[in-house]
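Quick notes on the structure that follows.
A, B, C, D and E are the chain letters, set down in written order, and residue numbers restart from 1 in every chain.
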Amino acid sequence: MPLSPAELDVIGLTAALAAVTTVILLVLGTPLAWWLATRRTNMSALVEALVALPLVLPPTVLGFYLLLALAPDSPVGMLWQQLTGTRLAFSFSALVIGSVIYSLPFVVQPLQSAFQSLPAGTRQAAATLGASPWDQFRSVVLPISRRSFITAASLGFAHTVGEFGVILMIGGNIPGETQVLSIALYDRVETLQFAEAHRMAAGLVVFSLALLFFIYRQSGASAWRVRT
Amino acid sequence: MPLSPAELDVIGLTAALAAVTTVILLVLGTPLAWWLATRRTNMSALVEALVALPLVLPPTVLGFYLLLALAPDSPVGMLWQQLTGTRLAFSFSALVIGSVIYSLPFVVQPLQSAFQSLPAGTRQAAATLGASPWDQFRSVVLPISRRSFITAASLGFAHTVGEFGVILMIGGNIPGETQVLSIALYDRVETLQFAEAHRMAAGLVVFSLALLFFIYRQSGASAWRVRT
Amino acid sequence: EDVLRIAVAANFRATLEQINTAYTHKTGQKILLSSAATGTLANQVLHGAPFDLFLAADKATPEQLVSAGKGLLTRCYAVGSLALLGGNPDTLATAGLSVAIGNPATAPYGRAAMDVLDRPEFAARRTLVRGSNVLQAYQFWYSGAVDLAIVARALAPGAYPIPPQWHRPLTQHLVVLRQTDAARAYLQWLGSDTVRQMIDNAGYLPCP
Amino acid sequence: MSLDLDLHCTGQQGFQLQLQSSIADQGVTALYGPSGSGKSTLLDCIAGLREPGDGSQISFRGQQWLGHGQAVPVWRRRIGYVFQDARLFPHLTVAGNLDYASQRARGRPALERDRLQALLGIDELLPQKPDTLSAGQQQRVAIGRALCSAPQLLLLDEPLANLDPMASAECLTLLQEIANQVDLPMIYVSHDIEELGQLADDLLLLQKGKLVDSGPMMEMSSRLDTQLAHEEQAAAIVSGHIKAQDTHFGLTEIEVEEQVLYVNLLPQAPGSSRRLRIPARDVSICRERPAQSSILNILPVTIAEITTSGGAQLMLRLALGKQFLLARITRKSAERLQLAPGDRVFAQIKSVALLSEAGDAV
Amino acid sequence: MSLDLDLHCTGQQGFQLQLQSSIADQGVTALYGPSGSGKSTLLDCIAGLREPGDGSQISFRGQQWLGHGQAVPVWRRRIGYVFQDARLFPHLTVAGNLDYASQRARGRPALERDRLQALLGIDELLPQKPDTLSAGQQQRVAIGRALCSAPQLLLLDEPLANLDPMASAECLTLLQEIANQVDLPMIYVSHDIEELGQLADDLLLLQKGKLVDSGPMMEMSSRLDTQLAHEEQAAAIVSGHIKAQDTHFGLTEIEVEEQVLYVNLLPQAPGSSRRLRIPARDVSICRERPAQSSILNILPVTIAEITTSGGAQLMLRLALGKQFLLARITRKSAERLQLAPGDRVFAQIKSVALLSEAGDAV
C-alpha cells in the first residue's frame, strides 16, 4: 500500500521537525543537565523547575503564550523579521521553537538523572589520572551514560513527533510547512476519513513499536544477574 | 481576584482527574516497573515498548483509537454499559482511562530506572539477612528510590493536568464533566476571552513553578560533594 | 436528568450563549454548551457524545447524522455570511499576505472562505493559515499573527462584508439527537420570535 | 551433618570453580587461596547469590539447598554473609543497619546487642550514615549486622582486611568467642595465615577454582607437602593442656607431650586443653641444650623429615612425642650441624602464639 | 623541597583532622593509625578530592596546591591515587583502564607497560571488565593504572589489603623497585607494620585525626616510647652494606657495625648499602655465645634500655655500635639472666627480613 504524495509530505515534515528539534535539544540539554546535576542551589532548583514546567503546563497554555510572543508585532517576531526577512508566526521555525521548549524536560531529565547516579568515585579517579573536567565528561561520563543519551534522544524525538496541542495553536495547519502528522491525523479523523486515519495511525504504531522494541532490547542486561 | 464558579468547576475537575489517574498509575506502574527492571527477555522488551508507546504516538492517534474503542457500540462500551448502567464515551471515566494510558510511561520509566540503578549488592545483602522479596522491596528498594516515587507521582500528575490532545478527541468539551483545564483554556483563547485565559494560564504557571521548585529543592544533595 | 446538552458550530456559539442565558433566566433550565467545528462535533456524535441537540453550520452534516441513525430530525435555524478582517476585499489580491480561515475539512465557514479565495481575481501567492474552526481563524487574526482572516460576519460586525454570491450558501441546520421533554421545549423556544429577533440582530439572515 | 557441596560454576576467561567437599557444620572452616582462586565465588554459591551450573548440589544439615530441581531462596537459608565490600544499606544509619538484621532474626543472636557494639567498637558510630564511615568502620558494622541476624551459618569474606592490628585482634577474639560458645559454623576467607591459624579448625585450600587440599588445620599446618608449609608464615599447631599458672611472671605453663611450654598468662583453669600455633621461622635447632639464654622454651625433639623449601633454606619436621613441630633453618646451618632424619636435637622456640588467643611471644 | 601540609578538615560526629607536617618529597612515607583515624581523609585532602577548612594549606615542591586563595584542581596535581576501593572505570576493560591512564600521562611512566602487567600478574585479565574481577584482581589493576599515569606523587590507600601473601610480596617488590629507582615520592597507608617496615623511609602516626608522632622509620621503630614499639610487630631497622655473596649456600653477608649478618642471597653487588628490619620478637639474649646452634646471626651487643611493654614481657633496646636493636623477652628470662642496662650480652637473631626485599629468615 504505497503512500500518497500528501502523506509523504506530512511524514517528511514531521521527521524533519523531530530531527531538528532533537539535535537542538541534545546540544542545549546536555550542558544544562550537567549543570543541574552538579549544582545544588536555590538558583538551580528554580532552573530545574522552569525546565520541568512544560511537563505540567497544558500545551494550550504554552501555545497561547507562544502565539502572542511570536506574532509579527511582538519583540521576538520583529527581531526575527529583521534578522531573517521572513515571518516567524506559523512557520517551520516557530514549530521548532515550540517543540524545543515543549520537549526540553524529556531530554534534560534522563540526562540529569544519569549524571547524578554516576558514582562520584569514578569521576574522582579520572581526575587523579589527569583528566580535565571536559575530558572527564567525554571519557567517563558520556560513555557510562550512553544508554541515557539514547533514551533522551529517543524521548525527545518521540515527543516531538507526538506533539499536538502546541502545534494546533501555533502551526496553522499549513500543508508542507506546519501540517505535521499529529495534526494531519486529527484532520482525517474529524472529516471521517477513517480508512486513511487508520492507515496513518497503524503505520505509526507499528513503526514506533518496532523502534522502541529495538531500543529496549539493545539496552543491556538487567541490573541483577541472579534471583535473591 | 476570586475565581468564578465556572473556573472552580474546571479546576476541581482537572485536579480530580489528575489525582485519580496518579493513584491508579502508581498502583499499576510500580509492579510493572519492578517487573521490567528485573526481567530481561524479548517479552519484557515488548512490554517496555508498549508502555513507552504513548510517548511516541501523537495524542490524536491514541485519541482516535480510544474514540473507537470506547464508543457505545464497541465491545468495551457495551460491557461498561452492562456493568455500570452508564455511558462510557465522553464521560469522566473515559478521561481517566485515556489519561492512565497516556501518562503510564511518565510513572513507569522513572521508577524502572530507579529500580535498575539500585546496586545489586544492597538487595543481596537484604536477602542474606532473611528479607523475602516483598520485604526487600518494602524495606530497601522503596526507601532508596523514594525520590523517584516523588518524581514519578509528580510527573504523572503533571502530565495529566497538561493532557490536551487525547481529551480533545474523547472528552467532547462538556463543561463540568469533561472540560478540563487545558481544554477550557483552549476554549477561552478561541473565544478571545484573553483576560480569563491569562488568569488561568498565569495561575497555573505560578502554581506549577512553585510546586516544582519545592520538589526540586527538597530532592536532596547533589551526587558530588567536591569539585574535581 | 434535567440538563440540556447542546453542541454548537463555532460561528454560532456567541449568539447561542445569549439565547441560552435568556432561556435559563426564564425557565431555570440548565444548559451545557460545547462548541467546535461542525465536522468535529459530528464526529463526536457518531462516537457516542451525549448531546441532545446539535446546531451545525451547514445542511449536509445534520442530514448525514440522520441517515446514520444518530439524528431524528433536522431544521434550518439561520443563514450565515462572511466578512473579511484586516482590509478590504481588494487586499485579497495582494501577494505575500497571510490569511486565516476555518479548516475547510471540518468547518463549513472554511469551505465557504475557500470559495472566495479560489476566485480568479484573488489568485495570489499567500500563506493560508487554517484554524481548526472559524473561531480559531478569528483568534489568529486577533492575536496579530496573520494579516487577514475570513470569518463569520456575526463574529466581526465591523469587518468588510463579503458578497454572498462569492461562496456557497451557509444554510445552518440543527439536528435533534435525543427527543426529550427538555429538548422539545427548548426547540419550541428556539423557533419563537424573540429568538428569531436575537439571531437577526447577531448578523444572521432568516432561513429561506 | 555437614555442609555438602558439589559445585561447578563458570566465570570469565575460562575460570571454572569445580569443587566437591563436605564442610563440617561446626567450628570455623578456613578458605585460603590466591587472589582470583574463586573464594568469593564459592561463598556466593553457598549463599545462593550465584547460580552454579546444572547438576550442582548444596545441602546443609540434611536440608537440600540446591539440586534435585530444588533451590531454597537466599532469604530462607538463614546465612549471615560479611561481604568483601561491606554493602551496608545506604539509607539507614549504623543503628538502622543493625536493627534491620535484628528485626529479621529467626533465633537468638549469639551476642547481646550492647556487648556486640562495644566489642566491635562501633558504639559511637550508631547515628552515622554508611557513606560517612571509614572503610574499617564499615567492615565492623557489616560484621555486626551479620551477627545480629542470628544466622545458622556465617560466611566471612576477608572481614578484617581493612582493620588495624588492634581492631583486628578484637574482632578476632569476638569471632572466636562466638565460635566456641554458640552453635554457629563459619566459613572464613582470609589471606592472613596467622589469623586463620588462630581461628580455624579446618582448612580448604583453593587454587584456580579447584580444591587442592583440605583437612584439619592442625594436621594441614604440620604436613610438609601442602602449600602452606612453603608459605612465609608456615606454622605447626600442637595441642596440650594447662599445667600451672605463674602469676608472678604472668606466664602459663602448658604441658605438651610431657614437656612444658611457657606462654602468656591465660584465663583458663589448670587442666583445660589449649592449642598452640608455632611458626616454623620461630624455631631454631641446637645440638646441645643452651644455658643462659632468654629463650624459655627448649624442647628435646627428633628430626622426622627434612625438605628444601626455598633456595637457601630447609624445612624440618620435628617429632615431639606424637605431635610435630616445623622449623625453618638455612642450608648452611644444617650442613654445619650435620643434621639428618633420626637425630635427636633441641628445638628452641622464640615465640609462641596461642591458637585460641591473640597470644604473644615468650 | 617537600610536601607541606597545614590542614583542618571536619567529618562526622565531631571528627576533626588537624595536622601540620612536612613530608619528604622522596622515598616512601608511611601513614599508620587505627581505623577511622583519618588516613583516607588526609589522602583525599592531598589529592584535592576533599576541600579542607578555610586557612588550610598544601604545597608540593614549592608549588602552592591550596591556600592563599588558590586551589590547583585535582587533575593538574599529577598525583596517582590507589583508592581503598579500586574505583576502576566500569565501562572499560582492564586494558582500557590502563590505556586511559597512559594516554594522559605527562611524563615517562616508571615502568614499561609489559613489565608492569607481568609483575602485577594482570596479564591474563586484560580483556575483562572490572565487574568480573575478584577483589584482589581489581586492586592490582588499580595499582597498575595509577602507575601508568606517570604521577609526580603516589598515594596508596591500603593497596594490598585484599591480596594473598605471594601477590602482596610481588606488588611490594614492584613498589620498592620504583621507589628506589625513580623520583616518585609515595604516601603509603597500611595496617601492616611489616609491609611498612619493608617499604617506608618515614612514618606518620595518626590518631583521632591528630599527628601523634612522626620521623624516620628507622628511628621511630627503635625508639621505645612510640606507639610502634608496643605493637605486636615492633621491629628495629639497621643499615649496613653487602660484604660478600655466598652462592653455595644462597646467602649474602651484610656488614653492620663491623659485625656480619647472613641474609637470603641478594642481587646487589658487594659494597651496596642495605637496610634490615629486625622484629623484636625474633631477637633473644644469651650471656654466652651459643655453640652448635642453627642460628647464624649472633651479635655482641650492650643493653641500652629496658622497658616493660606488656604484662609478662620486657622490651630491650640493644646498642650495636651506633645503631640499635630491639628485643622482646619475658620478665622471667630477664630475672633469671639478671639483665641490667650496660650489660654486654649476645643477641641471637632468628629471623632477618631485609627491609628492601621480601627477604626471609636465616
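Worth pointing out:
We take it that a contact is a pair of C-beta atoms (placed from the backbone, for glycine too) under 8 Å apart; a residue touches a chain by one contact, two chains touch by 3 or more.
Values in this document were obtained by computation on a predicted structure and should not be read as measured data.
Any chain touching chain A that also touches chain D appears here: B, E. With respect to chain B, maximal separation of chain centres occurs for E (centres as means of Cα atoms).
Of all the chains, the one whose CA centre sits at the greatest distance from that of chain D is C. The mean-CA centres of chain C and chain D are about 92 angstrom from one another, to the nearest whole unit. Centres computed as Cα averages put chain A at a distance of 57 Å from chain E.
A straight line joining the Cα centres of chain D and chain E is 26 Å long. A straight line joining the Cα centres of chain B and chain E is 60 Å long. Touching of two or more other chains is recorded for residues 124, 126-127, 133, 136, 168, 186, 189, 225, 228 of chain A. Taken residue by residue, chain D touches two or more other chains at 48-49, 73-75, 85, whereas all remaining positions touch fewer. For chain C, residues touching at least two other chains, in rising order: 43.
Contact residues on chain C toward chain A in their complex (touch as defined above): 37, 39-40, 42-43, 46, 98, 100, 103, 105-106, 127-132, 140, 143-146.
Chain A makes touch with chain E in their complex at residues 121-122, 124-133, 135-136, 139-140, 143-144, 146. The part of chain D that touches chain E in the complex is made up of residues 11-13, 33-36, 39-40, 84-85, 124-125, 127-128, 132-137, 140, 158, 161-168, 191, 193, 231-233, 246, 249-251, 262, 264-265, 281-282, 284-288, 290-296, 310-313, 327-335, 337, 348, 350-351, 360-362. By the touch rule above, chain E contacts chain A in their complex via residues 47-49, 73-81, 83, 85, 87-91, 100-101, 104-106, 145-146, 149. Chain B contributes residues 37-40, 42, 45-46, 48-50, 52-61, 63-65, 67, 106, 110, 113, 115-118, 120, 123-124, 126-127, 133, 136, 155, 158-159, 161-165, 168-169, 181-183, 185-186, 189, 197, 200-201, 204-205, 208-209, 211-213, 215-217, 221-225, 228 to its touches with chain A in the complex.
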